[in-house]
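In the two assemblies presented below, subunit A is common to both, partnered first by subunit B and then by subunit C.
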Partner chain A sequence: MATTNTVNTKEGFAEIKTAKLSTLGFFMALPPVLVIILFVGVPIFIAFIFSIGYTGGPNRVISIIGQDIYTKNSWWGTADAYLAVFRDPRFMPDFILTMVVTFVSTFVVLLMAMGMGLYQRIQGGKVASILSMLSLVPLFVPVVIAAYAVAQFYNGVGFMRTFMSQFGVEFPIITATQNAIIIGTIWTSLPFAILMITSGLQSVPNALIETAQDAGAGFLRIVRTILVPLAFVPIVIAGTFTAIGIMGSFTVPVFLGPNQPAMLGVEISNFFTAYNRPQQSIVMAFIIFTAASGIAVLYIWANIRSAKQSGRI
Partner chain B sequence: MAKRDNGLNLQSSSPITRFFIGAFVLFMGVFILGPLIWLALQAFSTTWTFPNLTPDGWTLIWWRRVFETPSILEAIRNSFIIAPIVILLSALICLPAAYAAARYNYIGRRVFLIGMFAANSFPKLGLFASIATLFYTLNLMGTMVGVIIIQLLGTIIYMTWIPAAAFAAVPKNLEEAARDAGASKFRVFRGITLRMAAPGIFVAMVMSFISAFDEAQGTYLVGAPSLYTMPTEMYALVLNYPVQIAAVFSILMAAPSVFLIGLVRKQIISGQLAEGFQIK
Partner chain C sequence: MHISGDINIQKLWETIIIPAFEKEYPNYKVNVTFDRNGLREAQLIARITAAKATRRDPQVDIIEGTGAILTLSAGNLLYRPSPTLIPNLKTVNKLLVKQAAGGIPYRASTVMLAYNSAKVTKVPKTLDELLAWIKANPGKFSYNVPSGGGSGNSFVQTVVDMNLTPDERVRMSLVEDKEIQKKWAKGLETLRDLNKYTYGKNGTYPANNVATLTLLGTGEIDMGTVWSDMFASAKAAGTMPASMKATAIKSPSLTGGPAVLGIPINGKNRAGARLLANFALTPAMQNEIMGNFLKGIPVISGKLLDQTLFENFKDIDVTDMRAPYLAANNNELRSQWSLNVPGK
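The block that comes next holds the complex of A and B.
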C-alpha cells in the first residue's frame, strides 16, 4: 500500500512538471509563499537594517522603547551595535557554549540514530523494534515538558541521585550545567534523526546488500560503501536540521542550563525583553544566522535533492 | 516497525554482543522513559524527602489545585482557542497550494517549493526576535493575532508538503473516468480527489496542531507577559509553584499530543514518516 502510493505520487508529480503553465495554479500556490515573504523575509530584512543602525521607518517604535540603540552615522549604517555585543564580556562564553552544545549534541544524536538505524536494518527483530519505539517516545512530549522532566531527573533531589545514594554513591548534580543542556537536546532531537535515518536506510534494496555480501564484503564495508552513500541525503537532513534546531533553541537551555554562560537563544530572549536591549538581541540573532548559514545551505541542498528524488520538484 | 522482518540477519550474535545490546536497551529505557515516569509520579505525591525512592504519601490534591488556579485556566483556554484557529487558517492558506503543487504547473513552481525550506533554515529564536521587531511597529506584540502568526509559520510546511504528496497520489485516470461518467468537476474533486487525499490531509492537520499547540519559544517572546498559552504558562509555573503542580500541568499538556500522535502513529512510522518529517 505504501509502495503503490509512493509510485503514484512520483508519477503524479512527474506528469505535472511537463504540463502547460497554469495561471490558476500560480494563484492557488501564492498564499503560503506570501505568508513566508511577509513574516520571514521582510522581518529579517528589517531586523538586519535595524542591527546596522537604521532606526527610522518600521524600526521607529522599537528604537523608542529599547535602550542602548545605536543610530547610523555613515552612509551605510554603523557597526557600533555589533561592536557593543563583541565587547560584552558575556558574549564570547555564550557563543562558545552554543557552538560546543550544538556540535556535541548533533554528533551524539547522529551516532545514536545511525547505530539504531543500522541495527534495525541489518539485524531487525524484536529488540530493534523495541529500541526504535523507545527512541520515538520524545515525539509525543512537548519540549517544555521534556526539558522540565529532564531537569527534575538529574537535579539535586532527582532520580539519579536518589537511586545512586541507595548504594552509597554520590551522583553529581547535572541540572544547571552544560552537560544537562546536551542531555536535554539529545533527548528532544533523537526521534527526528531516527525517523529520517531509519527511513533512508530502509529504502536501500535488500538485493544490493545481499549481493555485496555474496561477493565477500564484511559488515563495515557494506555500511561504508552501500548503506551510508545511498542514505546520504536523509543523513545530511537529519544532521543539519538537528544542528539548526539546537543553535536556535531556548526552552531546553533555559530549563537545564547554568545562568551564566547561557546559550545564545536564551540571551536573545533576555536581551529582547528582560534587558530591553533589542538591537543587541538582533545582532546576536544575525551572528547565529551567520554561524548557521553553512549548515543551512547544506540543509536546503539536501532537501532539494530529496524532493527531486521523490519527484516533487 | 512497519516491516518488522526487514532485517537481514547478517550475523548471528555472540553472547558478548547480546550483553552489550541488552545494556544499551536498558540505558535507553532509563534515559528516555526515566524522566517522564519520575515527573509523572510527582503529580500524585504529597511530598518527597530526598534519599527515599518513593514519595512520603500519595494524593490527588494537586489536580484540584491546578483547576483552581485562574492563570492556569486562562492558559488552557488560550491554547485551545489559538491552536484550532491556526490549523484552520493554515489549511485555508496551504491546501489550495498543496493541490496546485500536485496538479498544476505554474511559473516559479520550483522556487516556491524550495522557498519553504529556506524559511525553516533559520535558527528559531533569531527568526522570532526579528519578527518581534516588526511586530512592535505593527502593534502585534502581546496580541493573539501576533501569536497566531508565529504559530502559523511552523505549520506551513506540514500543511503544504504532506497534502501535496497525498493529492499527487490520487490516480488521474480515476478522476477522468468519473468525469466521463458525467460527474461535475466539483463532484469529482469532493467525491474522489478529496476523499482519497483525506488521510494525508488529516496527518498534516495533526502535525500542524501539535506544532502550534507545543510552540513555546516564539509564543513567549511575542505573547508574554500579556498572553500565555499552556507551554509558556509552564515557564511561570516552574518558578512560582511547587513541582507537583507543574507535574500535573505537564500531564494535562502532553495529553492532546499523545492522543493525536496515537491516531496517526501508523502513518508517521510507516509510509509517510519521511514525507512528514523531511519537510519539518
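The block that comes next holds the complex of A and C.
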C-alpha cells in the first residue's frame, strides 16, 4: 500500500509542476509574440490590403499622396496593382537579376564555405585555424563600408585597373554590373556560412571518419557519405539564410549594381520614394516575400527531417 | 526644421546659420531633420497634409527645399510670407519673391555645365552643341541618375524640354499634365542614344551629384552637369582641379532657381520659424552663403553685401532662371527615364 501511495504522490506532484511551468512558459513567450503581431503582423496586414486596393482607413493618407493608386473595384479588392507591376517592363529584368544574383552567390558561398570547413575538419592545424579566423573578419565590417570598398577597388580609377595598366592590360570596369553585385554579396555573406558549416562539420565524430579511412574510403567518399549527410542541417540553414539575405539586400546592389535593371530591394526603394508609387513598391515587397517563403520551406523541411531522425517527432 | 538638399546645404545650416541664430536668440533651439536629395519629400508632404486633416502638430516648423514647398504652396498649406512679419524680405527682389510662390527665397543655385578647359577646346554654348560634343567624345561626358540628384535631373529635364514649347515648359513646372508628358518620348530617345557615348559606354550613370563631381575631379570625364554651388565649393576645397570651369548653356538652358524656405500653416512654432527665415536673410548670413564654403548665390540687394565677395555674382540674374518641374511631373520623368534609358 505504502509504495502505491508514494507513486501517486510523485505523479501528482509532477503534473502540478508541468502545468505551472507551461503557464510560465506561455507568459514568457508572450512579449516577443505580441511585439511581432503589433509591429510586424499588423503593418504587413495593412500593407497587404493596400496592395489589393483598400485605400481607406490607415491607408488614406498614403493614397492621397501616392501616384498611380489602384482602388478596389469588387468586394475582395483589385489585382490591378499586381498586374501593373507585372506589366511594367522594369519588373521582369529586375526579378531575373535578383534570382540570378541570389542563386549564383548562394552557390558560390556554400562551395567556398564547404571548402574552408572541410580543410579545417580533415587537415586541421594552425594554418587552418588562422585561415578560418581571417575568413570571419568581414562579419565585423559594416556592409556599407564593404560595399564602398569593393566599389573603389574595381571602379574606373580603382586598384585593379591601375595595377593591371602597369602591365599594359586594360582591366574592365566591373562596377555597375551584375558581377560586381555578386562579388559584393559573396564578400558579405561568406563569414556566416563559414561559421555555420565549419561548426557543423566539426561536430561529426572523429571515430566515423577514421573507421571509414581504415575501410579504405577515399576523401571524396568520406565527404559524400559521412560529412555532408551528418552536417546536412547546418548546411541547409547556411544556404537558406544566405539566400534570403541576398534576395532582400539593398546596400550592396545600390552601391555596386547597374542603374537598370536593379535588384528588387533597390527597385522597391526607387518606386517608394523617387517615383512616388507606394502601392507598386508594396506589391514588389510581397513578391520577394513569396520567393523568400519558398526558400524558408526548404529550411523547415530540413529541420523536420533532422527531428525525425533523432526521434523527436 | 526639415532640410532637403545635398550635404553642402546640411553643412550650411548646421555649422553656420543655426549656430549663429542660436547665439543671437538663446531661447531658441533648432532641431534639424536631414533628408538627403529630398528623397523623402513625398512623406514630408504626407505628414503635413495628414496633420492638417487630423488637426495635429506636423512636428515641423520650417522646411528648406524647393520641391516640397511648391507642392505645399499649391495645396494652400504654407504660411504666406509677408514683409511686415519678416522685415528682411523687403531687401529681396520682388519678382523673386513672387516666383517663389509662397516660399521665402534665401539663396539661389543653378545647374551648370562643368568642363575640363585643358581638354575641351570648343566649349558648347547650346544644348545641340553639347549633344554633338558628347557624340564626338565618347566616354567623356556623364550626368547622374535623375532620382539621385538635381544636376542629372536637370540635364534629363532639359533634353526632354527641347521638344516642348516654352508655354508647355512653364506649365510643367506648375501643374501635372499627362498630355504634355507624352511629348517626352522623343527626348528620352535622344537620351537613350547617348548610352554608347556617356561614361562607361554601357548605359550606366553615376548615382548622385557627388559621384559626377568625383568623376570630373579624377579626370575620368571631361564634361558633366553640376550644381553651381557644389562645383564652386569643390574648387575651393581643392577636390576639383583648377582647369575645371563651369558654363551655362542655352536653348533650352539647364534649370535652376531660388532655394526657398517654407513655413507650414499648421506648424506649432511659427513665430520661431519666421525669426529663423528673417535671420537667414540678414546681410551677415547672405555674406556667409556666398563667401563661405557654399559659394551660393545671394538673393538680397547687392548694396547690402560685402562688395569683394559680391564681385563674382553681380552678373547673375536670379529672376531669370528656368524653373524645375512640379514634383508629380518630375517623379514621372524619373520613372520614365529609368524605363527608357539606362542599360538599353
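Worth pointing out:
The definition used in the following text is that the second predicted complex is superposed on the first by the 274 of 313 C-alpha atoms of A that agree within 3 Å, B and C clash if a C-alpha of one lies under 4 Å from a C-alpha of the other, contacts with A are read in each partner's own complex, and residues count from 1 in each chain.
Quick note on the criterion: a contact is a pair of C-beta atoms (placed from the backbone, for glycine too) under 8 Å apart; a residue touches a chain by one contact, two chains touch by 3 or more.
Being a predicted model, the structure only gives us computed values, none of them experimental.
By the touch criterion stated above, A:P89 is placed in contact with subunit C alone, subunit B being left untouched.
When the shared chain is aligned, subunit B comes close enough to touch A:W187, but subunit C does not. By the touch criterion defined above, A:V157 reaches both subunit B and subunit C. By the touch criterion stated above, A:A296 is placed in contact with subunit B alone, subunit C being left untouched.
Contacts of A:V104 after superposition on the shared chain: neither subunit B nor subunit C is touched.
Between subunit B and subunit C, it is B that contacts the larger number of residues in subunit A.
Using the contact criterion defined above for the overlaid structures, shared-chain residue A:I173 touches subunit C, although it does not reach subunit B. After overlaying the two complexes on the shared chain, residue contacts for A:I65 are found with subunit B and with subunit C alike.
Using the contact criterion defined above for the overlaid structures, shared-chain residue A:R277 touches subunit C, although it does not reach subunit B. Legend: residue contacts after superposition of the two complexes on their common chain; A:I49 is shown touching neither subunit B nor subunit C. On subunit A, the patch touched by subunit B and the patch touched by subunit C overlap at residues 61-62, 65, 156-157, 254-255, 273.
By the touch rule above, subunit C contacts subunit A in their complex via residues 39-40, 42-43, 45-46, 49-50, 53, 145, 147, 199-200, 202-205, 207, 215, 218, 220, 327-328, 331-332, 334-335, 338-339, 341-344. Contact residues of subunit B toward subunit A in the complex are 1-11, 13, 21, 24-25, 28-29, 31-36, 38-39, 42, 48, 50-53, 93-94, 96-97, 99-110, 112-127, 129-134, 136-137, 149, 152-153, 156, 159-161, 164-165, 167-172, 213-214, 216-217, 220-221, 224, 231, 234-235, 238, 243, 246, 250, 253-254, 257-258, 261-262, 268-271, 273-275, 277-280.
By the touch criterion given at the top, residues 61-62, 64-67, 88-90, 156-157, 173, 176-177, 254-255, 258-261, 270, 273-277 of subunit A touch subunit C in their complex.
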